[in-house]
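Across the two complexes that follow, chain A remains constant while its partner is chain B and subsequently chain C.
Then we have the complex of A and B:
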């Protein structure tokens, strides 16, 4: 049974949640919509198409300490970092929630990533259906949908009189207030994002590793890595030590396969020395290697990389090109 | 309560260091916790991360053989910031060890086979425990040919062991350098050329190869010319690694992660998605 929350009740519910949770919600900041911790419900801006960045940083922070090194009287002690907060992320789009589910596959696979796992276990996701598709959206081709409730604990869908509330998990159920009433109406028809046929891309890619396509495509790439930065499924990271006046910390931070240092080993050898080989890695990892390993394409169709790329590299075109190229060479 | 954090290394102590070449040191390392020391089991080909706290962590093949001694041995070439810090460690100093990681050379599967082992420079490090394991169980294997190349005679990493290797039954050790010196009476030639000249038969043979990418590239061509098939050629890949857990994706090659699925691969397993040097 679905519930209905009036807009006022939703605000009151959010204020209630703030007593017991760190609530992270879309906030308008200097023209961007970003997930940020809020202190009162009025700060939330639910009038957005999608947030500028996905919420992945609340699971895998852009930078985090893994452990610190303490030295006393010649004795060394390693102190692991801890996750201290329960969090509720409010207003997550279904595609981005699927992004978290996809990151789970490598990061929760044994031996699981302890900090990610802990943060995940202590986070509730309240989703928000999309009432319109952006021009760059293609979620339905990537295993999700504008009204997909599969990867959130609660899904809200805006209608004229308020929000329809679908509860999909025990975690979600425990958070509901009594003020929500039963809703017996139908769910609104979701928008239809553009379709990107992808059926033949995996077999096509197996034959295109040495194709000149990649260097040609990469000619205009600036290797700025914005595509990885905004991607809800990119999870590659770097680990380094930072020391400051005797305090030593081992720190993890986001890293992108588009940076030339990503695979360069000490001494200078780089197995992916060209932009083409690096751009190729991005798409092989997302469209072939990840599905081979985990059965899902590592893309949710949010279209952020398409919107953000300064030189208009478009994953939808690439998916199409690869299938065309292979069809041509096979003919 | 602490999470069991797979990024947390074991604490260890430097027992001794030996200068193997002008830029390679053998580090003998003892894990501090006796229980962990007792259960730390590994096989030739596996690796561990060494931490020089404050500088960082990098992966190294374990060059000792398990159960011979409690100490772990690593041959570390000074080539970057972490290895420079590791070279500065002295007996008694603390470092971190995380591992063992990765797969290993399936030496049991090679019983009865002729072994061709080809190493260049510090690429000999992961091959040393392979050679020593074969020599330890000499009767289990056919002929053993070791080709070891280096830039100069001084850069041949395991010189103190050459005599033992040379004197072992049915074992041939061929040394070669890019540039000789006044004491060098041996070969001055590139590894692929030495291999072509010696022309070991591919019949019932396995070739294991490790070295700089360019050496591997040209040596593979010679091996194929001699008739070695992709499933008879085994290599251990060097790759940038940060986690050892198959997560950071730095060492991703095809659907494989060098840190988890490797570092030991047959050419058959990886040739499709390797970039050419």
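Then we have the complex of A and C:
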């Protein structure tokens, strides 16, 4: 049974949730929409296309301390990082929720990433269906949908009189207030994002590793890390020890396969020294290596990389091109 | 699409590729949104049909010459972009004989984002003093060319008038958002160090933390390294996914360089940027 929350009741519920959770929700910051901790429900902007950055930063923060070592009076103490409070992420788009489910695959497989696992266990996801498919969207081709409730605890779908509330987990059920009424109406028809045929992309990639296509594409690529940092499924990081008068902190930060410093290894050798080889790595990881290892393509079709790339490297175009190239070479 | 300029660029590109004068032509083509432009490399004659020019051609293509040092390339440059050619010639990063410059006389480019094109000229175009490239081998021309006379630094003057504390607060808010994707650096024709100071591990100049303190160190150092070198193409600000107003920093230094040294980067390839020169008679600003 679905429920219905009037807009007022939804706001009241959010304020209630703030007592026991860190609530992270879309907030307008200049021209951007960012997931930020809020202190009042009215700070939330629910009229957004999608957020500038995905919610992954609350599971794998841009920067976090993994542990610190403190020295005092000849004593050495190792202090592990702690997740302090339960969190609730409000207004997550279905594609981004799937992004977290995809990050789970490498990060929760044993040996799992302790801080990520801890945050995951203590976070509830309240999703928000998309009323419109944006020009950059292609979620239905990547295993999700504008109204997909599979990866959230609660999914909200806006209708004229408020929000339809679908509860999909025990965690979600426990948070519901009594003010929500039963809703017997039907769910609205979801919008239809652009379809990107993907059936032949894995076999195509296997045959095209040395194709000049990659060099040509790399001509245009700047090798910044925008695509990786706006991606809901990219999870690479760098680790560094900071020391200050005997105290040590081990810090990790987002990093990306596009940066040459990231691929350089001990001794100074860089196995991916050229622009083309790093660009290729991005797409091989998403479209071949990750699905070979974890069964799913590491893309949710949110289109952020398409929108944010300063030189228009468009993953949909690349998926099309690769399949066409392979079809031509096989013919 | 500006048919007049597009045709001249295509004809020129065809001639250069046909005669073997260049290995490739770096220009613009239509982006995947069907609306804006993106960089395009034409290596074959057939590719030249994809070349376009219009008011969405914002990218400064001079950056790509740094990747193609061994091959003679042609490059399409707007007047503002041409300043970066002089910068790179002066700093001996490119060789004049290895570049064929297809200059374009420009009436300004508009604000764009993927699938979005505004009707408004970019702020830098609204005060542009440079209707023709400062260096070129061929000029694709159009009429009429306007010379704009708007105030150059109204936003900088406004910022300078604010008390230090509020400027600091403003920049902390901006730098706090930086995600250190380095798009500002990667798109900048003046940023070409084989290993950026921000990525040197030994010694570690800037840490890996994506957080205010280290972001600020990155951003202020980036700006200072471009003092007297930034040619004002503003691609860094356009590329920034977090909407950090980098032009406020770059143009503040541009203004300082003009006031202190009467120097503007890129106007010629001969004059060294002030920070790359030292004269014995220079005052260092402390007890001498």
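Quick note on the criterion: the second predicted complex is superposed on the first by the 323 of 331 C-alpha atoms of A that agree within 3 Å, B and C clash if a C-alpha of one lies under 4 Å from a C-alpha of the other, contacts with A are read in each partner's own complex, and residues count from 1 in each chain.
Simple rule for what comes next: a residue touches a chain if its C-beta (ideal position, glycine included) is under 8 Å from a C-beta of that chain, and two chains touch if they have at least 3 such contacts.
Please read these numbers as outputs of a predicted model, since none were measured by experiment.
K.L.:
Could you tell me whether chain B and chain C fit or clash when both sit on chain A in the superposition?
P.N.:
Overlaying the two complexes on chain A (C-alpha atoms) leaves chain C and chain B fitting together cleanly.
K.L.:
Is A:289 touching anything from chain B or chain C once the two structures are fitted on A? First, second, both or neither.
P.N.:
first
K.L.:
Looking at the overlay, does A:31 come into contact with chain B only (first), chain C only (second), both, or neither?
P.N.:
second
K.L.:
Which partner chains sit in contact with A:219 here, chain B, chain C, both or neither? Use first/second/both/neither.
P.N.:
The second partner, chain C, only.
K.L.:
With both complexes superposed on chain A, which partner does A:12 reach: first (chain B), second (chain C), both or neither?
P.N.:
After superposing on A, A:12 lies clear of both chain B and chain C.
K.L.:
Using the touch definition from the top, say if A:52 reaches chain B (first), chain C (second), both or neither.
P.N.:
Only chain C; A:52 stays clear of chain B.
K.L.:
Tell me which partner A:306 touches in the superposition: chain B (first), chain C (second), both or neither.
P.N.:
A:306: touches chain C, not chain B.
K.L.:
Which holds for A:240: it touches chain B only (first), chain C only (second), both, or neither?
P.N.:
both
K.L.:
Please indicate which partner A:135 is in contact with in the superposed arrangement: first for chain B, second for chain C, both, or neither.
P.N.:
So A:135 only meets chain C here.
K.L.:
Quick one: is A:171 in contact with chain B, with chain C, with both, or with neither? Answer first, second, both or neither.
P.N.:
neither
K.L.:
Please provide the least distance in Å between a C-alpha atom of chain B and a C-alpha atom of chain C in the combined superposition.
P.N.:
Nearest C-alpha pair, chain B versus chain C: 6 Å apart.
K.L.:
Please report the chain A residues shared by its interface with chain B and its interface with chain C.
P.N.:
238, 240, 252, 255
K.L.:
Hey, which residues of chain B end up touching chain A in the complex?
P.N.:
Per the touch definition, chain B meets chain A at residues 2-9, 11, 51, 53-58, 79-80, 82-83, 94, 96, 212-213, 238-240, 242-243, 245-250, 252, 254-255, 272-275, 277.
K.L.:
Which residues, counting only chain A, touch chain C once they are in their complex?
P.N.:
29-32, 34, 52-53, 62-63, 135-136, 216, 219-220, 222-226, 228-230, 238, 240, 242, 251-256, 259-261, 275, 306-312, 314, 316-317
K.L.:
Give every residue of chain A touching chain B within the complex, in rising order.
P.N.:
66-67, 69, 76, 78, 80-83, 106-107, 109, 111-115, 117-118, 206, 209, 235-241, 243, 248, 250, 252, 255, 257, 262-267, 269, 271-273, 277, 281, 284-285, 288-289, 292-293
K.L.:
Can you check the complex and tell me which residues of chain C touch chain A?
P.N.:
31-33, 36, 38-41, 59, 63-64, 67, 113-115, 177, 179-183, 185-187, 195, 199, 201, 204, 207-211, 235, 238-239, 241-243
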